[in-house]
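Chains here go by letter, A, B, C and D, matching the order in which they are written, and residues are numbered from 1 within each.
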Amino acid sequence: MSINTFGRVFRVTTWGESHGPALGAIVDGCPPGVALTEDIIQPWLDRRRPGQSRYTTQRREADAVEILSGVFEGRTTGAPISLLIHNTDQRSKDYGDIAFKFRPGHADIAYHLKYGIRDYRGGGRSSARETAARVAAAGVARAALAELVPGLKIRGAMVAMGTRQIDPAAWDWEEVERNPFWCPDARAAAEWATYLDELRQSGNSIGAVIELRAEGVPPGLGAPIYGKLDADIAAALMSINAVKAVEIGDGMKSAALTGVDNADEITMGPEGPVFSSNHAGGVLGGISTGQEIVARFAVKPTSSILQPRRTITITGEETEIVTRGRHDPCVGIRAVPVGEAMLACVLLDHLLLHRAQVGDRAGRIAPG
Amino acid sequence: MSINTFGRVFRVTTWGESHGPALGAIVDGCPPGVALTEDIIQPWLDRRRPGQSRYTTQRREADAVEILSGVFEGRTTGAPISLLIHNTDQRSKDYGDIAFKFRPGHADIAYHLKYGIRDYRGGGRSSARETAARVAAAGVARAALAELVPGLKIRGAMVAMGTRQIDPAAWDWEEVERNPFWCPDARAAAEWATYLDELRQSGNSIGAVIELRAEGVPPGLGAPIYGKLDADIAAALMSINAVKAVEIGDGMKSAALTGVDNADEITMGPEGPVFSSNHAGGVLGGISTGQEIVARFAVKPTSSILQPRRTITITGEETEIVTRGRHDPCVGIRAVPVGEAMLACVLLDHLLLHRAQVGDRAGRIAPG
Amino acid sequence: MSINTFGRVFRVTTWGESHGPALGAIVDGCPPGVALTEDIIQPWLDRRRPGQSRYTTQRREADAVEILSGVFEGRTTGAPISLLIHNTDQRSKDYGDIAFKFRPGHADIAYHLKYGIRDYRGGGRSSARETAARVAAAGVARAALAELVPGLKIRGAMVAMGTRQIDPAAWDWEEVERNPFWCPDARAAAEWATYLDELRQSGNSIGAVIELRAEGVPPGLGAPIYGKLDADIAAALMSINAVKAVEIGDGMKSAALTGVDNADEITMGPEGPVFSSNHAGGVLGGISTGQEIVARFAVKPTSSILQPRRTITITGEETEIVTRGRHDPCVGIRAVPVGEAMLACVLLDHLLLHRAQVGDRAGRIAPG
Amino acid sequence: MSINTFGRVFRVTTWGESHGPALGAIVDGCPPGVALTEDIIQPWLDRRRPGQSRYTTQRREADAVEILSGVFEGRTTGAPISLLIHNTDQRSKDYGDIAFKFRPGHADIAYHLKYGIRDYRGGGRSSARETAARVAAAGVARAALAELVPGLKIRGAMVAMGTRQIDPAAWDWEEVERNPFWCPDARAAAEWATYLDELRQSGNSIGAVIELRAEGVPPGLGAPIYGKLDADIAAALMSINAVKAVEIGDGMKSAALTGVDNADEITMGPEGPVFSSNHAGGVLGGISTGQEIVARFAVKPTSSILQPRRTITITGEETEIVTRGRHDPCVGIRAVPVGEAMLACVLLDHLLLHRAQVGDRAGRIAPG
C-alpha cells in the first residue's frame, strides 16, 4: 500500500519523485483566516535547500514554492492548499549503474521487491527530495501556529556528527544559524568541518544526531492511547529518510536511570506547575505538560558512497557498485529543517485535535 | 482528543481503566476462517500477567479473556472480535494520597491538564493495565499470521537493565523463557536478580531496554512515505507506557557509523538476495527486505517509588509524595510481551495492506 | 474488509452478533465532563426495543446497557466509553432451514460469498440487532450535545407505510409518541394499524419512509468536499439495515423542480438570515445553514416472510424457503430511533470537527 | 474542518478553486504496474467538459490533464499520482453582485458562515469545476479496474429531466452517446431538447435524475457495517454538487413494496446463483452479490438563474439578485460522468479492501 498522507485533522499529502517534473504537498484542514503567501513559506524551504555549502549535495534547486489553491487575498480560506515546487536540476538522464544495480543501504531493492517495478531515476519516490514538500507544508503549519500559539518556538540543531558530540553546556541557538551544520556549539562545528572534508575526500559518509525543541507548547496536547503526542512525533520523525531511532526526553538513557533520578519533581510557580528537571521531554502519558518538548533522532550515514560495495543486479547477478555523481557526506545536515517541519505539523494537528474534543474544558492548576 | 484505535486495515480498539470492572479490545479486519478460541489467546496473556515473580507488581489478575463476538464454531467470521478481560484484583478503594496529589513522572498531571477531570483510581486509563488488551488483540493477530505466514517468528528479550547490558554473544532464546526477566543471557539474568532485589528493598526502580526480532517477514511490507513499516513500529512501541525511545536496526548507533561500515552488502543466495549484515534492521525506505526485523525500545524506570519526592496537589499546594502499595521495580520486564504484541499487530496490518495494493504484482529477484 | 467504526473525531465502534452472548459499542472522542450514567442512555434503548407492540418482532430483550469504562463519578473522563448489552432472548438453537438455505433479500448469501464462512444464527452480524449498539452510542452523543448545543432537538417520524403516506398538514410531534408507528398523523396511524394487521396475518411485510428533523443545528457544520454534512448523513443512514434510499430536503423531488421554485430566498431576521422555504433541508454545499436539517430514508419490506420463495442451498441446490418464527411485518418502525441515533452521532462529530478547524473564526451575518 | 480526501486504500485527494490557476487530484494507493498515460485519462475528462452543447455552461476549458508523478515509462509505480488541470477560461475578474450578495441555493452563505471568509470568485471551492479532478482520478481507477476486473462496465445515463422521465423499455446504451443529455431513450431526448431550450430562454433551470449501472462487479465487495458498499456509494454520490438524494436498487420505491414483491428469488445457473429480479440493486447487507449494481441520484436545478430572487448581502442588508453570465440550465447533464467517476473509485477501493482482508478465502457457490 501507499500512504502519502499524515496528520489527523491537519493533514499533509505529498507527491512527487526526485526526477519528475515537480513535487508538492496538499495541506488540508488548515484553519481559515491565516495570513499566508509564498513569501511566508519560502524562507523555510531556503533553509533546507541543498547546495548551500560544500557539505551537502551539489544538486542546485531553486525550490521556489507556488500556492495553487486555498488562499485568497493573502489569507487561508479553509480549503485545501496545494503547494507546488518544480524540479529544475534533474541533470543527465543517464543514471548509469543504478538503473540495474541495487545500492546497499538504499530503498531501491525494497521498492523493487514491493512494487515489482523500478523507477531508477535517482531514488524516485524514496529520495530525500520528497522532504521539500514536507518543509513547504510545515510553512503553512508554522503560519497557523504563529497565530494560534504566539509564544511557540520550534527549533532544531545537530548535536552529534558520528562519534563527535557537542558540549551541551556550550549550546548557543544563535550559533546554529552561523555554521553549515546547524550546530549549537561553535567549537564542535569547527571540528566537524575538518572531519567532513576528510570524509568527503575519501568518498565516505557519516551519521548524525538531531535534537528538536519546542518551547511554549500548551499542556494537554496528545490523544491517548494510540495517538499519543510522543508516538505521533516518533512516527513523524521515523518517516524521514535515513532515520533509524527516535528519542523523547532522555530517550535511550532513560533505561539507565533509577526512578529516584528520573523523577521530574513538581513545585508551584506563579503561573502554574514548575518541574525541577525535564527527563520526560515535556510529555507524560502521551500528553504535553507545558514543559519544553525535546525529541532527538539518529540519521544513518548516506548510503551513496564512492567506495565500491558488493551488490546484485535486478536480474540477480552479483556485482559491485560505486555511486558516482553528487555526494552528500552527511545527509543528517539537511534533516534538521525537515525534523523541525515534522514537529510543527504534529503540534498543530494535536492542537486542533485537542480543541475538537476538549474545547474550553481543559484543566488548570492555579497557585493557591 | 482520544484515539484508542491503531492499525489501518487490521484495527485494534482498546478500552478500560485499571480500576474499572473490565477492559477489552475490539479487533476489526481480521481475515475470516482463522482458527481462534480463548485457549489460543490466553497463553499470550499469561506471559504478560503480573505477579508471576517477586520482580513485578503483586497485583493478582487472572486475566482470563472472553471472546464475545466475531468467532463462530472456532473460526473467525470476518466480523469484529470483542475481547473482554474482567478486573478481579482492584483492592481497596482507598487511593490515599494519589487522589489529590500528582505523582512525578506519572501521567496524572497531564490527564488533569488535558481533560479537566481526574480519575484517580490507580492510573485510570493511563495505567499499564491497558496493555493486557493489546496482548489479547495480538493473540488474534498471531493466530492469523500463523496461517498466512507460517514461518514468521516474533520474539522479544530484555537486553539491558539500567546500565547492565547482556553479552550479545551469549544470546540464547531458550534462556529467555527460563528467567523472570526475559533475559537471553543467563549470567546477566543472575546479576539482574541480585540488583533488582537491592533496588526493591530501597524502594527505588530502574529502566530497561527491550529488543524485538521478527524472523520470516516477507519482503515488501511497508506503506511509504507516511505509513513506513518502521514509522508504524516506532509509533506502536512509543505508545506503550513508559517508553522513551525506539530504535530500528542499529538505531542511535547508526549515527556513529560511516557509510562504508553501515552498508549491508548484497549477494545472491539460492532463494534470493542475501545481506552481509543487518545494520538496517530489516527495513529500507520503510519497506521490509526479508531480513530479520530488529527493533529496540527503552523503558524508563517506574515512577511509583517508595522514596519521597516533591510534588503539588490538584489545588496547587506544594507537598511530598511517596507511592505506597504494590510496587514494580522494573516495569520494563512486563513490557517484553507487550512489545511483541504491538509488533505482531503492525506486521499483520502491513501484510494485509500490501496485498490490498499490490496483490500478486510484487517483485522477485531470482538467482540467474 | 470489515469496518465497524464510524465518525471522525467522535467515533463509534460496534461489535456483536444477534445470537452471541452480548453486543456493544466503544465510543471514543466524547468530550470530558459530560454528565453520563446508564439511566441517561437507557431511555433511548427502551424506545428502540422490540416486542413493545404486536407490530414488531416478539423477541424480548431487556436491552439493559452497562457502562464499563470512560465514566467516573457520573461524568465522562475523555477516555473511551465501553457500552455492553447482553443478549437475553436467543431462543432455540435450532435455526432450521436458514442454517443451510439462503433467504432472498437477506444478507446471508452476500456474507457467504464475501467471507466464505457462514454464521447462520439469525443473521449474525448483519442482524438489525446490531442497531441497539448504535442507539446506545447515540445516547452518549445526545448527552454531549445537550451540554454543547442546548437548543438542539433531533426527532424522527414514520411518514409512509407502503403507499400510505401521512398528511403533512396533520403533523403533530406529540402524536408520534402515542402510536406504535412513530406516526405524526393520528388518522394515518389508525389506518396503518388495520393495514399491518392484515399484512401480518397474510405473512407478508411492507416498506416504510422515515423522516428525521434536527432543529437548532448551528450553521457551519460540514467538512467539504468529501466530508460534507449531507454525505456523512447519507452514509450513516444507508448503513442501517434494509435502507435503500436517502434524501436531504426535497430529495428525489428536487429533480422535478425548476430553479425558480427551488430557490430558498433569504431575508434578514432579528437574529440573522431567514430563509423563505427549506427545499435544501438545511444544508448548502455540504454545510449546515442554521435551518432545520431534514433527511428521509426508505426502508425496504422485511425479507423474512411467511410465504414460500425460491432459493438455493449453500451447496447450490434449488429449493424453497419460508421464514418461520418471530416476524416483523414492518421493520421500518424500529428504524425510527436508529435513524435519530445516527443523526445525533453525525451532528456531534461535525460539531467537534468544526471547532477543530475553525475554533472562534466562524462567520456571522448580523442585522445592519 | 476540511476533508478533501475520499477512499480508504485507493484514496483521492482533490484541490483547487473554480477561478484559481489550476485544480488537481492526488491518487494514492493505486496498484503498481497499471498502464497509464495522459491519453488514457483524457477521454474521461473530455466527456465531462462543459461547453460541448448549448445545454451546458459556455465556459470553455481544455481540461487537459497532466500526470506529474507516480507513473514511470507508462506504468504506475505504486507512488502517489499527481494529476493537474490548468484553468484556462477564468473570464473577467469582475464578479459583480456575487462578490457581496449571497445567491439563494448556493453554498456561498454556508461557506461564509463556516469559515468567516469569502472567496467570491465564481463559487471558489464549492464550484462544480472541482468535479473535473474527480473525473481525472477516476480515469486512474478505471485503468486499474480494466486490468483487475476485465469484464467490469460502469455506465451512467440521465433518466429524468424535471418531471419528464424516460421509458425504461426504450433503454438503449448506444443512444446515450448520441444525444447531449446522456439520455438512453431517443424520444425522451428529443422532448428534453425542446423543453430545455424553453427553460434556457426563460432564464430558468431544472433538476434531473441520473442512473448508474455497474455490470461485472465481483461478489463480496463491501465492508460491513460502516463501510457498506451502498453506504460508501451514497456518500460518494451525495458529495457531488447539487445532489439531494441517492437510491440503491428500487430506492424510495422499496418503501412501497411488500416483502413478497420485493424478494429477489434465487435459482442456480451454470456459473453460480441467478436472481429472478434486482430490487436490491446488486447489494445485500452492504455487500455486492454479483448482480448489476444500480444506483440513482437526484440533482437539484441550477441555483444560478436569470430571474430575480430575494437575498441578503454579506453585511446583512436585504436585496435582490440575478445571476448573469454563463448559465447551465440543467446541471444534472454534467453530473453523469461525475457519478460514473465516483462509482469507479468506490468500486476499486472496495476491491482492494476486500483482497486486504479476505485474500483467497472468499466463498463460492458452485452448481451441484
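The rule we apply is simple: a residue touches a chain if its C-beta (ideal position, glycine included) is under 8 Å from a C-beta of that chain, and two chains touch if they have at least 3 such contacts.
Predicted model only: the values in this text are computed from it and were never measured.
Common neighbours of subunit C and subunit D under the contact rule above are A, B. Between the chain pairs A-D and A-B, more C-beta pairs are in contact across A-B.
When every chain is reduced to the mean of its CA atoms, the largest separation from subunit C belongs to A.
A separation of 45 Å divides the Cα centre of subunit A from that of subunit C. Once the centre of each chain is set as its mean CA position, subunit A and subunit D turn out to be 39 Å apart.
Centroids built from CA atoms put subunit B at 26 Å from subunit A.
Among all residues of subunit D, those that touch two or more other chains are 1-5, 9, 14, 29-30, 32-33, 78-79, 111, 114-117, 125, 224, 353, 356-358, 361.
Only residues 1-5, 9, 11, 13-17, 20-24, 26, 28-30, 32-33, 68-70, 72, 75-82, 111, 114-117, 119, 121, 124-125 of subunit C touch subunit B when the two sit together in their complex. Remark: subunit D residues 9, 29-33, 78-79, 148, 224, 352-353, 355-359, 361 touch subunit B in the complex.
Subunit B contributes residues 1-6, 8, 14, 102, 104-118, 125-126, 130, 160, 162-163, 199, 204-209, 219-228, 230-239, 241, 244-268, 272-273, 276, 279-281, 283-290, 298-305, 307, 309-312, 314-318, 332, 350, 353-354, 356-358, 361-368 to its touches with subunit A in the complex.
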